[in-house]
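Next up, some structures in structure tokens.
One chain, subunit A, appears in both complexes that follow, with subunit B as partner in the first and subunit C in the second.
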Partner chain A sequence: MDKTTIICRCEEISCEEVEEVISNGGRTFDDVKRITRCGMGPCQAKICTSMVAEIIHQQTGLSPSEIPLPRMRMPLSPIKLETLATNSTSFSTVKSVLDEVELEEGKVR
Partner chain B sequence: METNYETIVIGGGVVGSGIAYHLSERYKEGVLVLDKKYPMSGTSGSTQAWVWVHNKTPSWYAEFNMYSAELYPYLSKKIGDVEYKRTGGLSPFFNESDREKAQKLAESYRKIGIKIKVLSREEVLEKEPYMNPEVAGATYSSIDGNVNPFRLIDMYMRAAKRNGVRYSTYNKVTEIKKQDGKYSVVSDKGAFECKNLILAGGTWSREIGDMLGVKIPVNQLRGQILVSEPLKPFLNFTISGLRQANNGEVLMGYSMEEAGFNRATTLDVIQETANMAVQYVPGLRKAKIVRAFSGIRAMPEDGFPILGKVPGHENLYVAATHSGVTLSPLIGTLITELIMDGETSIPIDRYSLSRFG
Partner chain C sequence: MKTDVLIIGGGPAGLSAAIETASRGLDVTIVDEASQLGGQLNQQTQVMRQLPSVYEPMRGFELANKLIELIKDCNVRQLLNHRVVGFYADGSVGITDEENVFPVKAKKIIVASGAAEKAVAFPKWTMPGIMTIGAAQTLINRDFVMPGREAVIVGSSDFAMETAIQLMDVGIRVKAIIEKQSGALAKEQEKVSELSRSGIPFYFNSFIKEARGNGQVEQIDVALPDEVITLNVDLVCMDGGRAPILDVFYQLGCSFGFQEELGGWVPQYNNRFQTDREDVFIAGNAAGITTQGPLLLTGMIAGISASEELQAISPAEANEMREALWKELGLLEYREVYSGRVKHLENFASPVLKDQFIS
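And now, the complex of A and B:
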């Protein structure tokens, strides 16, 4: 692979950028992702995963089985927010910052 | 690799790397940062990264956050573009009954120099036209903003390394011994010696403290976030609940649950988060969600940062906190002062580990 080869098409990340992360001590796809955004594009790493694994393998000598796959998260493909919403306006785990402000004898603590 | 250092920092997240960078500005002795994985693999890589001040309580804690937020513009001049934006922060409320509380907050914080405006419905919609028109009002302060946490840590690390700091990553600390007035830090890649030891292990602080017989009462508190596809810029402010990043993605979520170290995302909290987002900004309904993630906050037992010298242990320091993104420039500055000058420019006694007895 050439230094300028584009590894992540969605985010336009080149081979050189991926290599830099590895030479600074990164070892996993997620390390590369957090620093370069490689894998955070619309395809959510479907296209770039294997090429990044190949670069990690070449640079570190780790065998493919030692290179963890990126953590797959819901949703596996993009989904509209309204599909996830249930239209309830009562919250338990989700907080409002203002609700956390407590008054003591009518004054802010 | 060199095994003798003046100072070792355990943990290279935003707190540990922030300390290492600030130390390296003034300090010419050797500094080593050890991280069991790569920095950002902990909480610092799964955060909303608001630089948030205005409605934290009590007032002395808000003031502490304010000092840190004020260091951000200068920090970005020094270490490079971390995409820090002082957008101003908006906390909406949907019940008119909350206005009184908001006004009380504004009144008492004026005294400490945090300017908060309590906005009417019309004023909110003028500032943030996509906010739900059913909003009753909001508190607003210009001090709040947000930052790109990945760039922040990357820049801290790069600047620290330029100043001579060494990093050893994928290197877990397994044992710490005190020998002849020095600390011997045993890791997967061998033992290192140092005079000063700084514990910045975030949500793992308790187990690192145990290695020295020091109780660091930090618990785990999970938060889950939804990320949208990049949208054209349409949100002007950091809203307590969601924000739009530089690349157009909207990050939504403000949730708290006790789930130990489990970093799963769960449908119930994803749904609640979606409900919050559409309540705040109905226009997001049609936006596509591309990713969900969760992170584990380090939550000290009483909710406040644990900072400074570890009582009874010479040259041992601890920094464990939530809101570490907001606080990292100040924590870095203060721990550096403590090590170099023996005292801090802002008192931090109330954040001492000694309060837990």
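And now, the complex of A and C:
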């Protein structure tokens, strides 16, 4: 693929930038995301996930089944903070990132 | 809000699951982000012949109307213009009406989130005038807007061929069909020959090298096996295939298996269309990319399984119906998709860690 081709249109990340992460050892979509912001724009990786997987596949020879899915957090699609906050007094929409920490006997696993 | 069955997605699979559950007296809620039920059926004008035996052949939007009419008879709560935001630790589903977010507690959830189109990347593919085939189809059939006058299609799947014909029907000139493989991928060769007969060149082993234009696509370079040609176009419709929409399943903590024939990573499920989270069922393209008839069948099976778990139908009756529907699925579904589905079920029953992705 031509190096100038845009892969993530939201964050304007080119093929070259994705390839650079892979040549530095990146093997998953989330590796690419953490270093380049690829997939962190308004569409939340809905378009670039498969393209990045394809580039990883081509550059490393990993089979598609060896390339894991990116983490998909809530909110599932963009939402106004005002809406997310809700006017409800009985229901909290707030979900802490600490919810993702897995505990085992009171300690982080 | 409390409900027996929450159905996420109001397309063909979600609607047929709604009919199966609501008609057995369950309290059913269907949520869809669009303002209208029917999903992609609403912009499909092609006649669907391979439908389950209870439906006669009809056009996509006619099928949508028929399904909507059927659920009207059985009193389904409809949350249109509503989106699922996420899932909470207490098991409730966060749904927004764009004003607020409210929790919905459901005994069973049927996810029919559908599929998303994949794009085909080439230099300047993000320019206006370059869109997926589904976007072009939506513009002409739902919005009555001409997306361009002179087009090329990248890809040759059944969906691409159908869209090419629909573009021509509204007076758009299709200048070429560009396919990187050595032959047309469409399974219905009839459509391919219809397009060839009307003089549209098929460029095989070819791809778009670059697009150019001032604020909008005006020209593309197409790399053929032995030369590069330039075409003046104001519309490029690309077909990169489709993949199941997985974010809902990921949030629910479902496991995934990789199955090329079903569209890549697909949530794992058993022959009841039940995922590894026992209260979560799956239906439609989310369970593997397929055609309209099978989409309805998967929705029916998921609906019957959820009804069985909620004791709205006896296990014996449910088994009998499921068996018949699976038989019909085997008849209606393309052979490689069906065998991919069977393999997917087997992999779930006896998992090998390397083929499984646990979120």
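Just so we're on the same page, the second predicted complex is superposed on the first by the 85 of 109 C-alpha atoms of A that agree within 3 Å, B and C clash if a C-alpha of one lies under 4 Å from a C-alpha of the other, contacts with A are read in each partner's own complex, and residues count from 1 in each chain.
The rule is short, and it goes like this: a residue touches a chain if its C-beta (ideal position, glycine included) is under 8 Å from a C-beta of that chain, and two chains touch if they have at least 3 such contacts.
Fair warning: this is a prediction, and the values are worked out from it, not measured in the lab.
When both complexes are overlaid on chain A, the residue A:G106 reaches subunit B alone and has no touch with subunit C. In the superposition on chain A, A:I35 makes contact with subunit B only, while subunit C stays out of contact range.
Of the two partner chains placed around the shared chain by superposition, subunit C is the only one that A:P68 touches, whereas subunit B remains out of contact. By the touch criterion stated above, A:T93 is placed in contact with subunit B and with subunit C alike.
When both complexes are overlaid on chain A, the residue A:L76 reaches subunit C alone and has no touch with subunit B. 73-75, 79-80, 84, 86-88, 91, 93, 95 are the residues of subunit A that lie in the contact sets of both subunit B and subunit C, per the superposition on chain A.
On the subunit A side of its complex with subunit C, the touching residues are 1-2, 4-7, 9, 15, 46-47, 50-51, 64-66, 68-69, 71-77, 79-80, 83-84, 86-88, 91, 93, 95, 99. Those residues of subunit C that touch subunit A in the shared complex are 33, 83-89, 94, 96, 98-103, 116, 118-119, 121-123, 125-126, 209-210, 240, 243, 246-248, 250-251, 256, 258, 260, 264-265, 354-355, 357, 359.
Listed in rising order, the residues of subunit B touching subunit A in the complex are 37-38, 40-41, 45, 55, 57-59, 91, 93-94, 98, 101-102, 104-105, 108-109, 139, 150, 154, 157, 167, 169-170, 226, 228-229, 240-241, 247, 253-257, 265, 267-279, 284-293. Considering their complex, residues 24-28, 30-31, 34-35, 37, 40, 42, 44, 73-75, 78-82, 84-89, 91-98, 100-103, 106-109 of subunit A touch subunit B.
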